[in-house]
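Got a structure for you, questions after.
Per-chain residue numbering starts at 1, and chain names A, B and C are given in the order in which the chains are listed.
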């Protein structure tokens, strides 16, 4: 596919300075771009790369005199890059229609233009929306809904009764709706508490590979619209995650915790159960959250503290051996002073 | 299904105060329960909810005057809830018999009343007990035993020679019996050590989703009776886990470590190899265990210390910047005192 | 299989002292070995076990007078053990040829002596090398290459365009080539950045169970020759890992970070994006790496510091409550000294 720079500018917005008829066939980084590709400058530290790029056009925030070719001026070059890359991205490979080697249970509704690969299993009384893609090895339980346009990658399991919204992407190996971890103790024995709730995933959510999102004990575990999770994320039963929140890899959220909107949860963070994390909170990587956090705070550490405090604190931690020496020295000096004064008083 | 409160009391034990002929069709939390459902008060902080519940009966430890309907009095309302919920829980959906689209290897024994879904692969010379359920995408290797009544959820892999007990539940995507991580170094090259042992999982164990439990180098990795693991747990080769131990999500246990009975391992805990963790030890979330722990201890931190010490220590960590200022100020004051005294002596 | 000790010595190198015609049928630990098996002493702390072993021969570094049977003297008994165990290890069970219940896409090349189990899906225009084994539930996308002799265990997904080298092992449930975690923000909304690169895994790599290795945004995520990863590892887009590096379970490496050769990354380590970790660096378990690390360093802690410093620091952390008391006491004493001196001056 080749399209003119003008066409790109019209699609995503922005102003072309220079030849807007140049043909573009792809997008690439400044150093890797070849002739016919467009590139972008989203980080001013990479400015020097624009001198040597072979790109046939560049996306910039303001005109760059170092570059001779046509420039597409936009408010946010990185966002423009995402949108243009989407235009050029190869389509997701789709099986044409419903494979004879897939199993569709009784009473299940299948929409139009679906792609259901071999070795997909869909249970009874489920509903698979229009344009849904189910890759090989996908398991869909009974009474599950998968909304229009969603893509479920290989070996994902979506257990019974769960609800997946529209335009959701779930990457390989993820388990949605497995039982929450709930037991009552009878002496030493753990008695299983049936997990009879569901998982609801709203529209435009993207879930990474090998995530585990447990069904609720009662009611629902809910992943809000536009949430994006990275790989190997754990989400416990009855967790609620607000819209547009981002969860980076290997983080875990324990049961019944409520995460606000547009929260950013860093990699390997752990959040205990029954907390409330406010909107727009940012939690740095590896933090351990044991208390609720008001909206807008930025926190780090185990347990978490304000991020600014952590930045100062962590420098002190590595100087503890030195401080200890200084403390001992002070003790010695004070002891000597004490003795001197006593001697003088006697003297 | 509707049963009388009296029937429930007879099933799980306990005394009814009020109308024991009321019909119950389900169990729910105090706030969500509707007419015809029973609820429970297991946490006295929720006492106020009992005023507004629509539940047709409640399970309590002692008679609650705030509630007008029939009350089921039991020693442990939370445990009673677990048992009653089990009565009402919907059965696990089962494929009737052995699907024609499953593969069963030569010499494999299949018990009575099994449910083997399409796309299940069972190897040679294995034994699948009575009433076992194998969901789509389950892989069972050669010479594997799966005990009576066990439920293996979608896309679980149980590698050759492993032994799964009775009434075991394994959630989606878990790998049992993959190779332990063992290499000898030949200069820079890692030479694989064949992992020729097995994994043995005893009766009534429940394993979460996307766990990895490695086979032993020699002998066996062993998960004791009644152990419950949450999601994304790593268990290394030759680990032995005692009965009724609980392991919360994203924890990892390295090779050959021996965990006692009724231990509680918190989320994201890491335990290094070749340790011995005593019975009834509790390890708080995110801890790093680098030394063996005697029975009954409660520990936290990286590396672990007694939990009480950690609770005090962690408060001091965040005050390190303040302490450093106080230390510097003291140094200044002591220096001045020193000078004053010297001056006086000279004077 | 039974072979003479002499044959073993000839295969792996080493000198036999004693009867080199003894027949050996397997290898085992000193305590578990039975007659007919060979064992090994690789850790001098286990020397006492050699007295009680029933092994018919032992592998040692130097002659052990405590043991009466034949001894195989080698430079590195642990490495010799790995090599001999490989001789005796049972072969990986292989499906004979290509199952009729596997799907092979159009234009895909299949080499000789492959083993492709039922319920394997291979896309279009891929290339499966000679002697490759694909277990049930494996998904191979379009235009994927899998090199000669590689073994892909159940329910592994290898997404389109990825390149797997020769003699690679990938354990159950791993996802290779899922989308990297890349989004541009449009106000609160995350706009997906297409991940159009690939994953390349070089020869002799072993990847553990339930790993997630993301495809690059542009270009490739690259796992160098001889790398070994344990279970539940996360490797972000555009990460490059040098030859022979070892990554222990539940570690995570964020996007575009470059790891050197022969690095050892401990369990539950997190490494942020865009760093450079030098050759032969060792990173202790649970560390949080937020800065690049020069070659050869040994680091620990969150954030990392030299391991020797961490060993001293961590002891001080647990003594913080005590230090705080000593600091307060000093402050009191200095205050008193101050007052005394003032009094004297006045006096």
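Just so we're on the same page, a contact is a pair of C-beta atoms (placed from the backbone, for glycine too) under 8 Å apart; a residue touches a chain by one contact, two chains touch by 3 or more.
Since this is a predicted model, take the numbers as computed values, not measurements.
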Fraction-based call for chain C against chain A, same above half, different below | different
Degree value of the rotation bringing chain A onto chain B, based on Cα positions, nearest 5 | 120
Chain A and chain C have mean C-alpha positions lying a whole-number Å distance apart equal to 25
For chain C, residues that touch 2 or more chains besides their own = 119, 137, 155, 173, 210, 232, 250, 268, 302, 317, 320, 323, 327, 330, 334, 337, 341
Chain A contact footprint on chain C (complex, rising order) | 103, 119, 121, 123-124, 137, 139, 141-142, 155, 157, 159-160, 173-175, 178-179, 181, 183-186, 188-194, 196, 210-212, 214, 218-219, 232, 234, 236, 250, 252, 254, 268, 270, 272, 288, 301-303, 305, 309, 312-313, 316-317, 319-320, 323, 326-327, 330, 333-334, 337, 340-341, 344
Once bound in the complex, which stretches of chain C touch chain B?
-> 28-29, 32, 76, 78-79, 81-83, 85-86, 88-90, 93, 101, 117-119, 135-137, 153-155, 169, 171-173, 206, 208-210, 226, 228, 230-232, 243-244, 246, 248-250, 261-262, 267-268, 285-286, 302, 314, 317-318, 320-321, 323-324, 327, 330-331, 334, 337-338, 341, 345
